[in-house]
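In this document, chain identifiers A, B and C correspond to the written order of the chains, with residue numbering beginning at 1 in each.
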Amino acid sequence: MDITSMTAATLGKRIKARELSAVEAVKAYLGQIEKVEGDIRGFVTVDREGAVKRAEEIQKKIDDGTLSGPLAGVPAAVKDNLCTENMRTTCSSRMLENFKPAFTAEAVKRLEKAGVIIIGKTNMDEFAMGSTTETSFFGATRNPWNLGHVPGGSSGGSCAAVAAEECAFALGSDTGGSIRQPSAFCGVTGIKPTYGTVSRYGLIAYGSSLDQIGPVAKDVTDCAVILEAIASHDPKDSTSMKRESYDFTSALVDDVKGMRIGIPTDYFTEGLDEEVKKHILKVAEVLKEKGAVVEEFDLSLVQYAIPAYYVIASAEASSNLSRFDGVKYGYRTPEYEGLHNMYKKSRSEGFGPEVKRRIMLGSFVLSSGYYDAYYLKALKTKALIKQAFDRAFEKYDVILAPAAPTAAPKLGESLKDPLKMYLGDIYTISVNLAGLPGISIPVGTDQEGLPVGMQIIGPCFHEDRLLRAAYAYEKTRAYERPAIVKKGGDR
Amino acid sequence: MAKQYETIIGLEVHVELATKTKIFCSCSTRFGGAPNTHTCPVCTGMPGSLPVLNKQVVEYAAAIALAAHCEITRECKFDRKNYFYPDNPQNYQISQLYLPIARNGYVEIGAGDTKKKIRIHEMHMEEDAGKLIHDEWDDTSLVDYNRSGVPLVEIVSEPDMRSADEVIAYLTKLKTMIQYLGASDCKLQEGSMRADVNLSVREAGAKELGTRTEMKNLNSFKAIARAIEGERARQIELLEAGRKVVQETRRWDDNKEASYAMRSKEDAKDYRYFPEPDLVPVVISGEWIDRIRKNQPEMRDEKLERYKKEFDIPQYDAEIITESKHMADIFEKAAALCGKPKKVSNWLMVETLRLLKEHEMEPEEISFSPEHLAELVTLTEEGAINSTVAKKVFEKIFAEDIEPAAYVEEQGLLNVNDEGELLKVLQKVIAENPQAVVDYKGGKEKALGALIGQTMKAMKGKADPGMVSKKLREYLQ
Amino acid sequence: MANKISDETIEEVGILAKLELTEQEKKDAKADMEKMLDYIDTLNELDTEGIEPMSHVFPLNNVFREDIVTNGDGSLDTLANAPLKKDNSFKVPKTIG
């Protein structure tokens, strides 16, 4: 078995057992990047020299016993909206093309403390706004399963890099589905934890009340191990929650007997691809056979999540992104007349169209005379959606849902009609509005050979339930690798 | 007959709180320092940084609110106020709009028949902006974020004031109150207390309020008074000419004694407030409020009464001394050190006030130490120096905070207490002024004065006049 | 109900957002916004009478920091990414007042 096809947990074990070194691991991944990155374009920055150097340091610590965790020596990548002191952090925007943060994001710091070697920063939709990774200033990332298709977004670079085995795992961020949807499109596993579980300190904000950082990996076990490493109560993030338990790996039990699983009938309506639907219902059957109690129910309010989301996220984004003005950091237009012209030109040249679209919308919905009609209405809708989930979780332990209505669309198709692209987030967005945890796992491929993903949603602070359900299902199915890796793996 | 106009004034007062750290980060709030040295990712709006509220800010704000008889909002929240300006690193200011920390209070001004309540509409917590310095050389501005994130409370009054005098009385009252709480030093010159004046005029007797303007950049009581007079006159002139007052923000230029509009097309005044998603609500429980009340230091009125009782200081003097917390602190320390409260009060009431007036200074700007004043009192009481010398020494203390004992020694200002020396001089003076001696002995008390004067002159002022008088009387017995 | 966004509105929002749009971008922005607002207007079907607007999902409150100075001189990091600087300060076009 070659290094790059191992899961992060397996690789960590082998390194711990001295069967492999951290340096070998890093070099294997850098080799894989060398091979496939030209096709995938999952990275904005790869720090080759730094990664090898850090691997040597980590190996020393493993050797002298100071580092012994499950991820020590494992190479990973992080989304380029997570600040890193030693690597530029661009948010895939011209605005931050050369931005070097003064500090490292708390989640990344925790990985580094656990001995993880960050080898690079992954591509994304500009400022995490998009569902395809096509809005990146550095160009689109391609889907490892079919280079003519998108990897999804906004954490498309992270998910494609994991699927293409360019890193053992990656971190993404999820504001409306940005971990779960690209995980589904790339055939990998990704979790968006309960809001407040992973510190947002150092995550360049898009929609602050919705943003969460989470792991993207080859399987459920990896996700649980990584989540255990990055979750914490951080006094630097006022919205960080003090959880009773940060143990996620204990939930990895192949047993769903008696687990009550709800399937929202209103998710299985018009707009959902027939093949995706079939896959999800098949999973339900599998879980039923394993002893779960599966029932259909009416979640309600499904169609209101997206409009509420776009009001809230755009409003927050318009404010969060106002700091990018050419004064303190980032892009400043070379020629201008006066202060306001400098602001306007820097921002108009530094931001791409999708970012500008959302800033305009967000500024409008907050402007005087519209606040109540749009922003407050959206916050009230959010409250109703939360209530609908609360009611559902009185009856069910978890909810089974698609991760996206279809498999990955072709490159260049989605941006033509933004509203249609937004509709693709229908199954993921309400989870962010309600602060819930959600996991996306691969459940098969469609006729075109593109992966199909499924989402399991749990009540707040119950990652254990979705990890357990996902783990039990995963046991029934072997991990599938895209052809590009198999080709690349034949050494 | 000319129309009579009434001036309607409301104030927005910003006070910088006396916390050690900024409102949302652990940077120092210390005044001064090279540009951008008191900064971190949070107070410079670095991407990925997040604010965490300083608990002391809530404590101070609540203490001020309670002293101003406000209702404390049991669950208050922060909002973002969005506007672009380089002194505002995030291009939004974290403030409170929808649920401010306190509402509906009042401050009482005047006394007796002129007593009046100025109502407080609301009070909120927010962050201060950085500083812009204009670089004349290349016609640019330089931004320093040392003040960015310093905690402020904004106290918004109702339009209850009718004259500059009332405005000054209100501000003085607020200032004294806040200084006593220890919540701010309230120095107008340094900008730790700032007032924006909302002013409108209306014909006497009219019911409706006129259109108001907001005036900024007022950094002394005198400037505030001048700006109020100027703006009142400007608005009346407009109305008399049949023109309208435009609702706008104006900047007062105290040198030119004129204000000008700050408006530009790019400064659209639509702040797009919305709840700050990075901060959670502040819940202020009944117990917390009780604790803040209990910890409230001695306030001005209590202190005033105590001074009258404990030190037998007259009402007027006690009022003057306690009006400035700083002066009261000096008084108490000096009085405790020398044990002569009345003497200390005298120095403050006479010489200190005279010098403050002469230098156009506020009591907060007194920079001498109570130790040195106490020492001066002791020196005079012991007869080591006479009152004329003491006055001169005090001027030195006021200006340079010199150490009086060492100073008088150095300058040779000590009284000559050598009796032999004094006797010699006395004999000489008596011998040279036989007529005066005859007059004194003949019952002319005044003649003694002339003899004392001659003796002092001969001693070059370094004698205690009391002692000289006593010795003269004995000698001429 | 079809939303109509006027040229003035786009102009004003551009000033608020500090974005300078080309004529084509303005046209697109208008169309985009109208379409989005029509879509957002579906929220009006929902009866939200008496519902508390929810900005935070969890009832977390009173997250504080103690008033202790722990940060030192941060000017080097603060100015490290400045597009233009002078005298340890950020340099910007001249501001009025």
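Structural remarks
Assume a contact is a pair of C-beta atoms (placed from the backbone, for glycine too) under 8 Å apart; a residue touches a chain by one contact, two chains touch by 3 or more.
This structure is a prediction, so every number in the text was calculated from the model and none was measured.
A count of contacting C-beta pairs for A-B and for B-C identifies B-C as the more extensively joined pair.
The most central chain, judged by the distance from its Cα centroid to the centroid of all protein Cα atoms shown, is C.
Here the CA centre of subunit A is 24 Å from the CA centre of subunit C.
In whole angstrom, the spacing between the mean C-alpha positions of subunit A and subunit B is 56. Centroid to centroid, with C-alpha atoms defining each point, subunit B and subunit C lie 39 Å apart.
Looking at subunit C, residues 12, 16, 18, 55-56, 60, 63, 65, 74, 77-78, 90, 92-95 sit in touch with two or more other chains.
Residues of subunit A in contact with at least two other chains: 99, 102, 209, 235, 238-239, 318, 322, 325, 327-329, 339-340, 343, 363, 367.
Counting only residues that touch two or more partner chains, subunit B has 41, 44, 52-53, 82, 84, 86, 143, 266, 270, 272, 277, 279-280.
Within the complex formed with subunit C, the residues of subunit A that make contact are 98-100, 102, 195-196, 209, 235, 238-239, 241, 301, 303-304, 306-308, 310-311, 318, 322, 325-332, 336-345, 347-348, 351, 353, 356-357, 359-365, 367, 374, 376-384, 386, 418-419, 434-435, 460. Listed in rising order, the residues of subunit C touching subunit B in the complex are 12, 15-16, 18, 55-56, 60-71, 73-75, 77-79, 86-97. Within the complex formed with subunit A, the subunit B residues making contact are 41, 44-53, 80, 82, 84, 86, 89-92, 143, 266, 270, 272-274, 277-280. By the touch criterion stated above, subunit B contacts subunit C in their complex at residues 19-21, 25-28, 34-41, 44, 52-58, 75, 77, 82, 84-86, 132-135, 139-145, 217, 251, 262, 264-266, 268, 270, 272, 275, 277, 279-283.
Touching subunit B in their complex are the following residues of subunit A: 82-83, 89, 91, 96, 99, 101-103, 105, 200-205, 207-209, 235-239, 315-316, 318-319, 322-325, 327-329, 339-340, 343, 363, 366-368, 371, 375.
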